[in-house]
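Some structures are shown below for you to check.
Common to both upcoming complexes is chain A, partnered first by chain B, then by chain C.
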Partner chain A sequence: MKTDVIIIGAELDGLIAATRLVEYGYTVRILAVGAGSLHYSSAGEHVLGFDSSEQMVKNPFEAIESLNSHHPYRRIGTSNVRLALEWFYKKNDGSNILSVSPAGLGIPVYRALPWQATFDDIKNKNATIVQFRNHGDFTAHLASNELNRAGYKVSVLEFEAPDVFSKNAALAKSFDRLEDPASFFLGLKESLSDETEVLLFAAVMGFKDHQRIMNEAEKIIGIPCREVSTLPPSIPGMRLDDDLTSNLKQQKVSIHSGVKIIEHRSNGSHCIAVTDDIGRSYEASIFIVSTGGVLMGGLDIDSHGNVHETSLGLEVYQSEPLSAVSVDTSLHALHMAGVETDNELRPLKGYRNVCVTGRSLSHWNPAQESSCEGVCISTGWVAAETAHNQLMGMKNG
Partner chain B sequence: MLKKNTIAEFSSPHAHKVRDQKAILSSMDLCTKCGICDAHCPVASVTGKFPGPKYTGPQAQRFRAIESLSELSPFLCSGCGICTSVCPNDVAITDIITVAKAVSFNEGTELKVGQRILNRPDLIGKLSGLLPSLSNFMLNNGLLRFLIEKATGIHRDAPLPKVHGPVFKRWFTNHTQPDGPRISYFIGCSIDNFDPDVGKAMVGVLNHLGYRVDVPTDLCCSLPMLSSGEWKPTRARAINLIDALHPSASNNTPVIFTSTSCSLTIRSKYSAYLDMTDTKSRTVANAVVDACEFLRERHMDDIRENAKELPLRVLYHGPCQLRGHHIGQPAVELLQLIPGLHLELSKADCCGVGGTYGYDKDKYDIATSIGTALIDQIKEFNPDFVICDSETCRWSIEAKSSVPSIHPVQLLMQSLGRQ
Partner chain C sequence: MHKSKSISLNAPRAIIIGGGATGCGVARDLSMRGFKVTLIEFGDLGSGTSSRFHGMLQSGARYAVSDTEYAAECMRERLNIANTAPEVVEQTGGLFVTLPDDPEGFDDRFYTCCQEAGIPVKELPPEQVMGEEPNISRKVLRAFSVPDATIQPWGLVNLLADDIRRRGGEILTRHQVTDIDVTAGRVRGVTAIGQSGERRIEADVVINASGPWSARVASLVGETANIELGKGSILVFSHRMVSRAINRCRPPTSHDIIVPTGTISLFGTSSEVVDTPDTTHVRPEEIQELLKNAEPLIPNIRNYRAFRAWAGVRPLFRPQGWDSDKPLSRRHSVINHGDNGIDGFYTILGGSLTTHRSMAEDIGDRICQHFGLNESSKTADIPLSKSSKKSDWHPVGNYKNVEKTQNFGSPICECESVNKEDIVSLIESHGINHLHDFRRRSRVGFGPCQGTFCGSRVASLLAEYDSEYPSKNDLGKFWTERLKGSIFTSWGQQAKQLVLSDSIYRETLGIRLDKDILPVEDCR
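The block that comes next holds the complex of A and B.
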């Protein structure tokens, strides 16, 4: 049962670390309570959208220097962030683009997902947003009103979806099953005004067969088709989660769901095994904590407003006790709370063979910075490098 | 020959999470309404009739706690358990829905005749096993199946298994075994009559590893009754089964299961639904271990050393109930030890059949739509075998894909037993 590495949690950072470690040829086991927060990830790949003075960022790498000195990006260093993102996104030009949010606002992303709507797509064009009837997770008028206010030409077309579903996932999967997508898109084309130059859909155009569906849409309708993200659970995030987990399973990584780690055994300086809430033990040489912070239960707040790390009981940095009275400052303090680490992501106080990644780290605020995927990917990548170095060290005695 | 294994303390590390009915229902307060369960529910993604696990589970439960509701939605749940397994907050969603079914049933919701029959697989087995060839003729006769559908609501194309008669027990009685450490094997209501080859392969693998196998009982775990809400008659049956398994369990002997659903029932559903949390029931629950889980934890090295080449193409589909065990997919780790095996993994979450859910004429189409992704993948890959740990999934997959479907231990036995 013993593996080289155990990853606690199925967050983006953990899946990235696992993917990287499998490339190196290590055995990896992932232990998670349930699905990870990629399901909430609404609008693609945020690396650094806003700096500490809340100004919109054009080049994320140049803006890293403006972040607080304990920030995960500063800890692991800009060059590692670059390497990690280049490895994952196959892109290194360092610039953000503006994507269209569900409310029609501009959100800086490092790379647009395939078919993700950006402001460049709708600039000086007549755009139409399709509102599928009964689709409760998306409101086209919210986006169109905001875009019209900002000077873009956007109208809304109400249309019957292929099946009566109100939720994103069911709609997306119904597109996968659609027997004759061509005639569906032909019907849609006939309802469009001739002036439409670009067509925007809610991001529900297929789940596993997304590419096929969007290719078919563009082929039949004959104009560029794009997707605007929706309320969560969000299909673009779920697609990425599905891609990563399916690939890991094919690479022989075992993913155990329903496993909540609450105890561990150590020999003083090293963690030897972790134990779940029903008493099962899992041994490994390296442990990576990718439990997703407060949102996913990796960090917990007690009734005194103090934050705790739930899986290994690691010491947590926190600027002030949280309070329900001063919500604004507390919310920021809550985001900034987490485990403090060295540059290799090992906890400052704790075991030498443990790494902490993503939202369980301190000193960053994904909501304010719009940096969630970037920090998760680069810390996951660095944790894998740290694990690799340590495992090589162990092998060489 | 492999080295003999002694059975050390096996039961304690496997103690399954004990949640009684009160704990199940109060887990509704852990729900943050994130909707991840709805996004993964196989039923909600193919029919608009089912409002989804979030509503049917924790959300409606708040109202059920105040007044009794007249509702149909719990009965559309297939009980696959995927919602519970993806929930980031550990809400026992499937169990909440199953409790609602039972409450509704107690308050007079009629259960179809067909479901009542399907709820007693042990009885079906005993009756059909008397005259296997007549039973198989009847089950394959289109006109008869049409009449059965009219009378009972069991869909004419429901993937009922082939009847073998009491084949396994007859074989086992005359089977010579090594004189090694003893281990118990649970055959339930299905191995003897419907799935004798799985039983023979399991005994074969355990013998190969040096164990002497006991078969303490052929009683049924009563899962179909539990999951369709017919709880009153279940308790006595459950107590009988616990009594039958207790001698081996209290002797620190693991009880091996090749059915992921029977093992899950005894491990966690007796406590969840019937509040059976007494010491005796817990002793038995803690001795229960899935076949592949046991082999993964005890015999990876033995199997690695002794597995012989099998140049086959196989597709592995992990059944939904396996998620409820929280053990990942141990079969995959074992099958990877077989040299020459071309192993592809299922990309589908669920085969759709949901135990006896897909047998009902009103749910057959839902189950078929759910299963389409898996069947399409099987047809495209065109394997020699589909490998799956659960019997009802195998029967359904075999009926719909025409590819023979076997349990992982059957493939292991093929590999270990090769000369």
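The block that comes next holds the complex of A and C.
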């Protein structure tokens, strides 16, 4: 059955495009190999944390002009970035705040997630970080060491988790299942020193029942409770992924997982259909490539150092040489490779009814800029606008 | 001279410059002969050429045709190391295979020369070898098994160092020798600078065992050392794709050997002459050359995951008047600078990790003769191992241990199966306080993820024990150093890994690259 739009990949940008497109009333199908990179990300709301000279950015919108002229933000324009982020975050004041990393360092975020620990939360307060025993993916001692040396007052409390699990996802689910959270948090409160004014947990405090668990914690313990991100898999990222996909499913968007696109059909200027690795074919008017770049296999690098786009065989920009001038330039080149597009995110060379979003785009470096969610959300949003305009055009003539 | 275990007050004092296998071997040999030894190493023990090779303990077969006598020395020493330090040796065995491109008739000479050198060589049917080694070429014409093995270089160097300390010797790491004091034609001592400042150490004999840096050290007293610096690059793969060390059966050149070690395989070695011993940068063209030349032996090699490349610089001895087309011998050489009026100063060159002990014995004999001492070397007979339990090193030892203790609870490094308890015991018993030292002692960060997940976990344990631990700097250094080796292999799965690692260190943890050690030129 033909849909208006097919989104290849279930990255944040693809989910955003789908969310926007169903707002317009289009039929959307998502074809993905598996879950997207939200499961790896620290899932703060990173819009633009560092400029190209690695200086920390206070106002992301003002710093966009300093980025290279092919950067996705520059391509879609600051006004579209503002519109997209206002639509998603319901915030437009343009300022970053500093969240607390599991290494005790500051990460600039555009907006704190609900209960995400920021430096404002611990300033001039006695903070305690809870380290659940055997929880190897959280490094409370590392965080407290760095924070204490930076002049904050932070101590670590080792505590038994509600279950014996030592992995993020299992721990988060054990909080969801906790029959009597009140007595758990009461036990925790008794182990705390009286001086503690703010309590930091690893970001594993419940998965679906996160809000309820944190409300309960604050109610019982009687002080602000916050979460600090962990090593992957990222529970806050999974929560966001789950929110977006549940909403899409309710809107009758079909999300196919385990589908790898290996072929496509075209009429020369337009892509008509894609085929998966067991021969199923899917038709649509518009295709959005949200395949997650090198990290998620949307871009593949062969042993000769050539980069390939894996879903539709689109032409890829790569700087020469890709490897080994120095560590930072080579690492930078890995990120900068991707599909080059026009301002509406259509590939410069290739089909007119295709948009490319997120990590599959060229000329940006999420790790250096700390800009992952911002670029994914705004390019997903712009791709949906481009698709909308094209679909309107087709309808009208 | 007294024959007691403790060092006599008037014992001759020896300074050994260089903490690789050679330097440690010489220091151990001399301390067993009653010398009071001080070993000075510029970086960390075993951080130069000793750890920058393919990790083979040679049976000598590789050199059987070109230098039968040296091959015989390798065979004797290989057996000796396996007896005296079994816990750092894995008895993989080795194979020499003839492929269609290899020179005709070489294999027959190879077989005869191995027998002459005392290397137990056995011809195997090609079908059997191709059956046992499914990843190698299907075009094997002939195959020979020899008793090659692999060795854990840091394990060996640490055993030697522990033994030197037990015998009262002193080891100074991260100390650079800045001056060698020569007065009235005799060496009197050296000056070394370390983190705690400058130190002058007196000595009756100074041995320059600094491998590729030998010429630089000799030049401190205006002397030369005839070395040729041969850079060798190695490509590391995340699978143990062969079970034995496999050589092409042809005259030893470059790109002709694959060695299984631990859970990984190493393919090497490229070879080029370089100007400075610090050149350990692997160029992209070298990687392509390695891959291209590996394909005849391992046809599917490009589909395996390469995750690191490194280079070491071999200090090859170049005798005067050596024909420039003829490959240099792997034998060692001792220079007695007393012949040039600097009594008591020696340089030891060439050789290999396999023969480090016999090299040490040779120079020890000469030094004892010089001092008129009647002390013979004891290193061949006294085990290096502390424990009497003789068990070979095993690549899945860590994993077996996890199964035995059923301790699944606190993995620090999943790639190499290192637990929290292993790290804590290193902190408590060895006072280790940097991520690099942990890596060399425990293999943390050695695996395919190259420290992506374990770096911050180990740093957290360090921070728990030491509130002064500079976590941000140390993590930045560790991650940048790991990247320096793995960035060379950014294709396929490893490219994904690098992007993930970058995302974790920079986006999640907030660690930035260490600008001081960014260039690919190595800082050792």
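Basically, the second predicted complex is superposed on the first by the 390 of 397 C-alpha atoms of A that agree within 3 Å, B and C clash if a C-alpha of one lies under 4 Å from a C-alpha of the other, contacts with A are read in each partner's own complex, and residues count from 1 in each chain.
Note that in this section contacts are C-beta pairs under 8 Å (C-beta built on N, C-alpha and C of every residue); 3 or more make two chains touch, one makes a residue touch a chain.
Worth saying up front: this structure is predicted, and the values here are computed from it rather than measured.
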| item | value |
| --- | --- |
| Combined model on chain A: chain C and chain B, fit or clash | fit |
| Touched partner set for A:H308, first chain B, second chain C, both or neither | neither |
| First, second, both or neither for A:H70, with chain B first and chain C second | neither |
| Partner chain(s) touched by A:K125 [first = chain B, second = chain C, both, neither] | neither |
| First, second, both or neither for A:L331, with chain B first and chain C second | second |
| Which superposed partner A:Y40 touches (first chain B, second chain C, both, neither) | both |
| Geometry of the superposed three-chain model: angle at chain A (Cα centres of chain B and chain C, steps of 10 degrees) | 90 |
| Contacts of A:P366 with chain B and chain C, given as first, second, both or neither | second |
| Per-residue touch tally on chain A - higher for chain B or for chain C | C |
| Contacts of A:K189 with chain B and chain C, given as first, second, both or neither | neither |
| First, second, both or neither for A:S144, with chain B first and chain C second | second |
| Contacts of A:P232 with chain B and chain C, given as first, second, both or neither | both |
| Minimum C-alpha spacing, chains overlaid - chain B and chain C, in Å | 7 |
| Those residues of chain A which chain B touches in one complex and chain C touches in the other | 40, 232, 296-297 |
| Chain A-facing residues of chain C, complex | 281-284, 287-288, 291, 302, 306, 409-412, 420, 453, 456-457, 459-461, 463-464, 467, 469, 471-472, 475, 480, 483-484, 487-488, 490-492, 495-496, 498-500, 502-513, 518-520 |
| Chain C-touching residues of chain A, taken from the complex the two chains share | 40-42, 46, 54, 101-107, 134, 136, 139-142, 144-146, 148-149, 156, 166, 229, 231-232, 234, 293-297, 300-305, 321-328, 330-331, 334-335, 366-368, 370, 372 |
| In the complex, chain A residues that touch chain B | 1, 29, 33-37, 39-40, 163-165, 167-170, 173-174, 176-177, 208, 232-233, 238, 246, 249-250, 252, 254-260, 276-281, 292, 296-297 |
| Parts of chain B lying in touch with chain A, wherever the complex brings them together | 12-17, 34-36, 38-40, 44-46, 48, 52, 84-90, 296-297, 300, 323-329, 332-333, 336, 345, 347, 369, 372-373 |
